[in-house]
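Okay, so here's the structure we're looking at.
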Amino acid sequence: MNKLLAEEMYYLMTLGRKFEYAAKENYMKGNVSGFLHLDIGQEALSVGAIKAFEKGDVFATYREHVMAIARGLEPKAVMAELFGKVNGVSGGKGGSMHLFEPSRFFYGGDAIVGGHIPNAVGCAYARNLQGSEDGVMVIFGDGATNGGAFFESLNIAATHKLPLLFLCENNEYAIGTNIKYTAPFREQAKKAEPYMMTLSVDGMKAEAVYETIKEAQKLIEDGHGPVFVEAFTCRFEGHSVSDSNSYRSTQEMKHCKAKDPLVHFKKELLERWMCSDKELEKIEKKAQTMVDEAVVFAENSEEPNAAALFEHVFTEEV
Amino acid sequence: MNKLLAEEMYYLMTLGRKFEYAAKENYMKGNVSGFLHLDIGQEALSVGAIKAFEKGDVFATYREHVMAIARGLEPKAVMAELFGKVNGVSGGKGGSMHLFEPSRFFYGGDAIVGGHIPNAVGCAYARNLQGSEDGVMVIFGDGATNGGAFFESLNIAATHKLPLLFLCENNEYAIGTNIKYTAPFREQAKKAEPYMMTLSVDGMKAEAVYETIKEAQKLIEDGHGPVFVEAFTCRFEGHSVSDSNSYRSTQEMKHCKAKDPLVHFKKELLERWMCSDKELEKIEKKAQTMVDEAVVFAENSEEPNAAALFEHVFTEEV
Amino acid sequence: MLYREALNKALDEVMEIDDTVVTLGEDVGLYGGAFRVTEGLVEKYGEKRVIDTPIAELSIVGNAVGMAIGGLRPVAEIMTGNFSLLAFDQIINHMAKLHYMSNGKITLPMVVRFPQGVSKQLAAQHSESYEQMLSSVPGLKVLSVNDINYAYHAFKYAILSNDPFVFIEHELLYNKKGEVNFAQQLDPFKARIVKEGENITIISYLKMVDDVMQSVSAIESALNCSCEVIDLCSLNPIDYDTLAISIKKTSRAIMVEEDHKTGGFGSQVIAWVAEEMFYTLDAPPLRLGGTDTPIAYNRTLELASIPTPDSIAQDIIAWGKKNDV
Amino acid sequence: MLYREALNKALDEVMEIDDTVVTLGEDVGLYGGAFRVTEGLVEKYGEKRVIDTPIAELSIVGNAVGMAIGGLRPVAEIMTGNFSLLAFDQIINHMAKLHYMSNGKITLPMVVRFPQGVSKQLAAQHSESYEQMLSSVPGLKVLSVNDINYAYHAFKYAILSNDPFVFIEHELLYNKKGEVNFAQQLDPFKARIVKEGENITIISYLKMVDDVMQSVSAIESALNCSCEVIDLCSLNPIDYDTLAISIKKTSRAIMVEEDHKTGGFGSQVIAWVAEEMFYTLDAPPLRLGGTDTPIAYNRTLELASIPTPDSIAQDIIAWGKKNDV
């Protein structure tokens, strides 16, 4: 990773963090509603993975704002979607959990835990058939690794040696339930071992994530078939904005927040890439401006009109 | 295994084989209808497993006549069920695929591939809670090991360390599709390895099956949690009576039939347990009589009356 | 008492007296349930009887079926109606059929419960209603509960029954307040006359009953008539007797439901009205339901896609004027 | 040409001209499909385009959705309707909603097809009908096909359309013989008037159309009337225009379906008749459907649980006598 990329990643992580806080603030104000799942604490993972997996298709879950932005979706179009406005990436119909941008090969935004994994498998099948070099990356939580959709996908992807990168964000929680109640071990990569190569990485370290995803991508390109990457991470907030996070002790949260990926990466930038405080300040400011603009854009954007309700049920009405 | 048990198993295997041929004959005659899945070629597995797993609950698939009989369901009540008669084990309402006898802890007869596995998990959970020593055995084909229900069950059984014996009858085919098209490897036990101990056995050898299931049962009793047993076997007939079996070459069928479990076990009885030809003839005759009586019983049994249609939709009508 | 507290109390009481009762689902333990219906139960009955499951809905119901076979009385929670689709095989192919297929040898004393419906901007994958699908399945008894007293009694009844029940709740009802008459003997299959009236029978269930009640005075003054409002309570079986008595009196029937109108549950009710009450009717029956569109996130679109007190009043008044009510 | 051959031909022709079309399902390859609909295709188009899948219905549909996102036109076969329940999450939460939730950015040109219904003694887990569930889902177009010519054209249309289709077949229709008019331009959403008549409109679809046709002469001579028989062909959308024209002529409407009567698909049709055609009707509408019982294995019980030509004639004649037809 060179300095330029490191700076870009720091920018995206900072942008992501600020975006999430702005989203939360606007949820409190009543501008954003529904389920709002924040990625705060997991930015190294979201940004590192998306930047490493430059080409190819990405399928994500409902906790996807930061990934979407890292993928190149405009922060203002994402914020407008959270506001339910017509200039939102999904025209206000999808909301936080349903951000789609096929032009950027981003199909983030599935709200059925594990439901997008078979879709990613199908897309990888298509890419294979089309002879495309770029694979598919599917991102999901540790909670998704207990469901049938995930398991069927391991089997099918391995059978057809599909160019598919499974990325598990293991934050050890599915809403309020710790993984120890729902799986026999903490490392979900074990489940993939019979089927494919697995890698694991500290998801709080942006560079490590970046390198690991690059390695996985290389394995896929070299024809190894699917690869499973597990990244251990930690979410700083409740499951969604409406969750009080009461099931995690102050102790546990302190331990978790001590690994803040932004703090860590900033230190790396200062120490390893010799960035100056000033350079980083500039980046942080730029991120803040971007977020401020996004909120203003979302505020000023129109509501969808009444006819929108009946649009896009089908491509052609009968 | 002592001689007495060996003879009993030989009796049950012979009974099973003859029962299946009689069922097939009566299908041809139009007395039996629907899907009729024969167990011919797999009797060592069905009988060996059921006899070894004496106590505890058994959940099986639609290919369960021989298991049902080995479990102690009356051949005549099973045959009457195939005939759709009121004296059938399920009153003529279930047919070949749905044989149930809770008094013998037999819940064979699910026609949704893999659908009974979560049921077996739940039953094992109940047994655990009730402090029962006897576990649960769930029997399924290789085709079921690709479905979400199976995978979810591995995970849950392992998480709760349930007293559950997974028995996979790997005959390498799901209807007409060879396992190589649908799984990345032939040994389905690999899929269970991350979760539990696995054993594998030649399913064409009754004694080996018996011993392996006993071993698995012991592991479960000793608190190892769930155990996975894979038995390699081969079905001699088509998937069901209406399947012409055209997807398997003469060569393949010859190879398969060379491993006939009855021929093998008979040889064992003669050579290792010093049974006489006469003793075995007597057993075979007894089996034949049993089957003949079962057919007569089924023929003479009544059709359910018209009111039966509305009975047992619920335990209490509103 | 809140609605969710009534359910909690019912479950708690049954677990207290019958230790074969267990409850399972995602976050039902320590977390107390996504909508707090199981709050406090794990502390009281332990992790073995209040079971935090993985996110595996097929197994939640499939395991409950097996637990029932094994002699327990499981109450399975599915977090939201939309996720129940993952369990449809177990609900329809297993839970509904094993008693019949085994000619009564297997009984399944169990409940599957979940909230459904449009809450607030949860979008298309978290807002749907599936009572029309589930109430058409022979072998399932389906209750769907508006009233708090009813909820308490019916839920208890369902847990203690030997038949498999689907118990459908609504996300927006959990914090509704009301009283429970603990001593009452309540028939959970009997429809509830929420308000008596002479000229129009309005049939509804679950949350929509409240919306109908809010619209009634506007309708009555605009049409100069009186409405009888019926809460079905049980969706399978349907209490046709109560409906028949009411419609004979009013000669008019309207069905209000939240689900997409096409193929919604109400079509069964109105088809029955048309077949069985035809000669009694003075006006065509009316069905009000949601639009045939997935649920949108945007609040305006979301509200435009389901009946609201205003739209109910408007639509019924327009229908009344057109049909000389 | 047999019904299954017409489907095979349609798929073959489309695969020939458009190599983004793929088909996937259990045993669709070498085996040729459980009902031989895909026979010969793997030999022609190879294993990459005719894909033998594992027994994993959730993935069959879920992968098809992903293939469509990736630019293919998948035709997914589910072996029997009952197994489609395992895929309901993918069909309803994904296939039906992604186009809408993405505000039209994602399109899903795909077909999910399966046979359903009572065949011969396949028992409760292999005999059900799910059109009522699937045709109530906004975002899905649902075709259900009685006629061979129609099957050919409608299937082709569905594969080439950019919308997600559910194409429902019946196990007992596959060996039905008929002609295909290859040159015809056929609107797959238009109901088919199978027989013209003046006094009763009988509406049906899929296999039941044939049973109705077998019962018609008995009905006509007993009631001294003439029946118009309509095959709906498309279950979502429903061609209400054709129904309205017919019912205006006959003043009477009957719906015949194979599914359990309670909550069956026909309840939507009859509810619509009651709402929209009320003042036209001279008699209460009638719905004939299966009993509200799981399907039994025993042949006598099985046949007693669904409409047959005899029971249809009997029931309609009784209704006609009671209602002065």
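The chains carry the letters A, B, C and D, assigned in the order they are written, with residues numbered from 1 in each.
Keep this in mind: contacts are C-beta pairs under 8 Å (C-beta built on N, C-alpha and C of every residue); 3 or more make two chains touch, one makes a residue touch a chain.
It should be emphasised that the depicted structure is a prediction, and the values quoted were computed from it without experimental measurement.
Contacts with subunit A and subunit D are shared by B, C. When chain centres are set by their Cα atoms, the one at the greatest distance from subunit C is B.
Computed centre separation for the pair subunit B/subunit D is 36 angstrom, with centres defined by C-alpha atoms. Inter-chain centre distance (subunit C to subunit D, centres taken as mean C-alpha positions): 29 Å. Taking the mean of the C-alpha atoms as each chain's centre, subunit A and subunit B sit 46 Å apart.
For subunit B, residues that reach two or more other chains under the stated contact definition are 90, 92-94, 98, 110, 112, 115, 146-149, 152, 155-156, 159, 181-183, 313.
For subunit D, residues touching at least two other chains, in rising order: 53-54, 56, 58-59, 82-83, 86, 89, 93, 100-101, 123-125, 138-139, 291-294, 296.
In terms of inter-chain touching, the protein chains here all touch one another pairwise. Residues 146-152, 155-156, 158-159, 181-185, 190-191, 193-195 of subunit B touch subunit A in their complex. If you check the complex, the residues on subunit C that touch subunit B are 22, 48-49, 51, 53-54, 56, 58-59, 61-72, 74, 89-90, 93-94, 98-107, 138-139, 141, 161-163, 189, 237. Partner subunit C is touched in their complex by these residues of subunit A: 33-35, 81, 84-85, 90, 92-95, 97-98, 110-115, 143-144, 146-148, 174-177, 181-183, 247, 303-304, 306, 308-310, 313.
Every residue of subunit D that touches subunit B in the complex is listed here, in rising order: 26-27, 29-31, 34, 47, 52-59, 82-83, 86, 120-126, 291-294, 296-301, 304-305. Within the complex formed with subunit C, the subunit D residues making contact are 58, 82-83, 85-86, 88-89, 92-93, 96-97, 100-101, 123-125, 128, 132-133, 135-139, 236, 259-260, 262-268, 270-276, 278-279, 281, 283-287, 291-294, 296.
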